[in-house]
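The same chain A turns up in both complexes below, where it pairs with chain B and then with chain C.
Right after this comes the complex of A and B.
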């Protein structure tokens, strides 16, 4: 009797899994390729603001978006002109500063990519991605 | 009682039979741009295999670096076409994944939104680790090293380094074939200053490639008491980018 109940339960679970497996296979190309940013690499607007002059803000959005508006004092550093912009940014960096990188919904993963290059290639420490990006900063300041 | 059920069933069948459907040849395209390419272009081909016309509502790229173009707004049954996605490489390296979200008026929600994926593998011709070395003001001016390694498909045999900064000495030390160590030594670390060093390879012969590494004497960390909780808008320090080195923008 017990075995029959277990068997039936197994069949029900397997049947319930079928649509999920089918959907996973059908939408396999819609699954995000980007792994989420670890919580330890994220910073909120309030936390970053609390760092005051100990934080250096980096705008990873394209040039035109930066030119339209940006966090006061932020430096433009995007991958379109990485080599040139990095040369302008580094003289303003010092080891005691925390780097806060942001982008917007339009430039999606730009902040994460820029932060990764700063960590991996330039080997800077204390590089964070702003949670909610430019839109979140606007919400709190406009 | 039977008539409404029959009508309902028939209307469902007719709706299914008259469906619009955009069939995509590929929804993921992988590109391998060559060194020096400025753009990577993907052509996502489709065909309307349904029985009604499909209207594009929007075609949006996930990133400002990718431009999209549809050839037409309406795709009639049996018609073919393509969505062209142009990815501007800029100074990017490694694998880049960009998505394009296509929305149509297809009544079937699974067909109405299609996500196209463009993958571009941008070869890193010369691996440089790290790309930035620094000393804090007053620190002992010890030599710092950057390792350089040419990729297999980038057979550079020799590299040169250019720096006009009088404050930094640089030296290339050859290692195994295709590998070098760049040694950078500041003469003086008494005040903040920096330089960009230009590395040029002997490959390809007709258009040698340029790479940049940065060296910096940074400000010493202020004592914790002096840090202010106010956003600094202090003007940027000037980088001593040598005049003889073409800036990346001028390349």
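Right after this comes the complex of A and C.
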């Protein structure tokens, strides 16, 4: 009786493995298991620069960081003012352009989230996240 | 009074089944939500994103069906406690997180709203476990 809760908990913990494994198997090709951003959605500073005017830069950092400094020609598009900034950004986009989104560093999530929303909500194609973010861009340019 | 406890158990079960199903439908998004806490490496977050929703669903079912009831309650209490701790830790580190607990519905909750709802759920689970243990003790005495 004393250990009934523990025993029952172990049964549930074990049972939950079965559907989880099944779902993982079903999604095996749709999930990036090693990195939150699949390699195919990442771009290096050098690659993005090589695109030249074919690339459109999007700064996903907060307004104050964008105001302090940003990639020349980049558009500010953060989630704090998503609707407003998206309206300013979209007229500058065209289907032949590749969108390069960046945030502060490799560890930040803002670029990944903004890139996802651009794909899902704005239905844009060729949206990439800059590897290493703003920090990496600075290293290459300062 | 027994009726009230039953309703509370059914409600808690329903909440966790709903929360689990929402996450089962989009495990990648839930993986990203876990990753936002910056506590676990991605390869752990993404695996948890496939496992935790099913754990929530089974625990929710246990509350509704009354089968493996104490185990379900214990796991849910532990999960909610871990979640409260992770949310406080994220807040302390200045992370602006989306918990993803209830899909889109919870995306714009403030920290205070998160805490109020989590603590409410936690104390409801504690109450359910407490009443279950009291009932168990009565049964033992009768036997």
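Before moving on, here are some points about what is shown:
We take it that the second predicted complex is superposed on the first by the 104 of 142 C-alpha atoms of A that agree within 3 Å, B and C clash if a C-alpha of one lies under 4 Å from a C-alpha of the other, contacts with A are read in each partner's own complex, and residues count from 1 in each chain.
The rule is short, and it goes like this: a residue touches a chain if its C-beta (ideal position, glycine included) is under 8 Å from a C-beta of that chain, and two chains touch if they have at least 3 such contacts.
Remember, it's a predicted structure, so these values are computed and weren't measured experimentally.
Of the two partner chains, neither chain B nor chain C is touched by A:40. Contacts of A:82 after superposition on the shared chain: chain B is touched, whereas chain C is not.
Of the two partner chains, chain C is the only one touched by A:4; chain B is not. Once the two complexes are laid over each other on the shared chain, residue contacts for A:109 go to chain B and to chain C alike. Contact comparison for chain A: of chain B and chain C, B touches the greater number of residues.
When the two complexes are superposed on chain A, the residues of chain A that touch both chain B and chain C are 30, 33-34, 107, 109, 113. Considering their complex, residues 24, 27-28, 31-32, 35-36, 38, 42-43, 45-47, 50-51, 54-55, 57-59, 62, 68-75, 129, 136, 140 of chain C touch chain A. By the touch rule above, chain A contacts chain B in their complex via residues 26, 29-30, 33-34, 49-55, 57, 61-62, 64-65, 72-73, 75, 78-84, 86-88, 90-96, 106-110, 113, 121-124.
Interface residues of chain A, counted against chain C in their complex, comprise 1, 4-13, 15-17, 19-21, 23-24, 27, 30-36, 107, 109, 112-113, 116. Contact residues of chain B toward chain A in the complex are 27-28, 62-65, 88, 90-92, 97, 110, 115, 117, 128-132, 134, 136, 192-194, 196, 212, 214, 216, 218-222, 227-234, 236-239, 241, 247-249.
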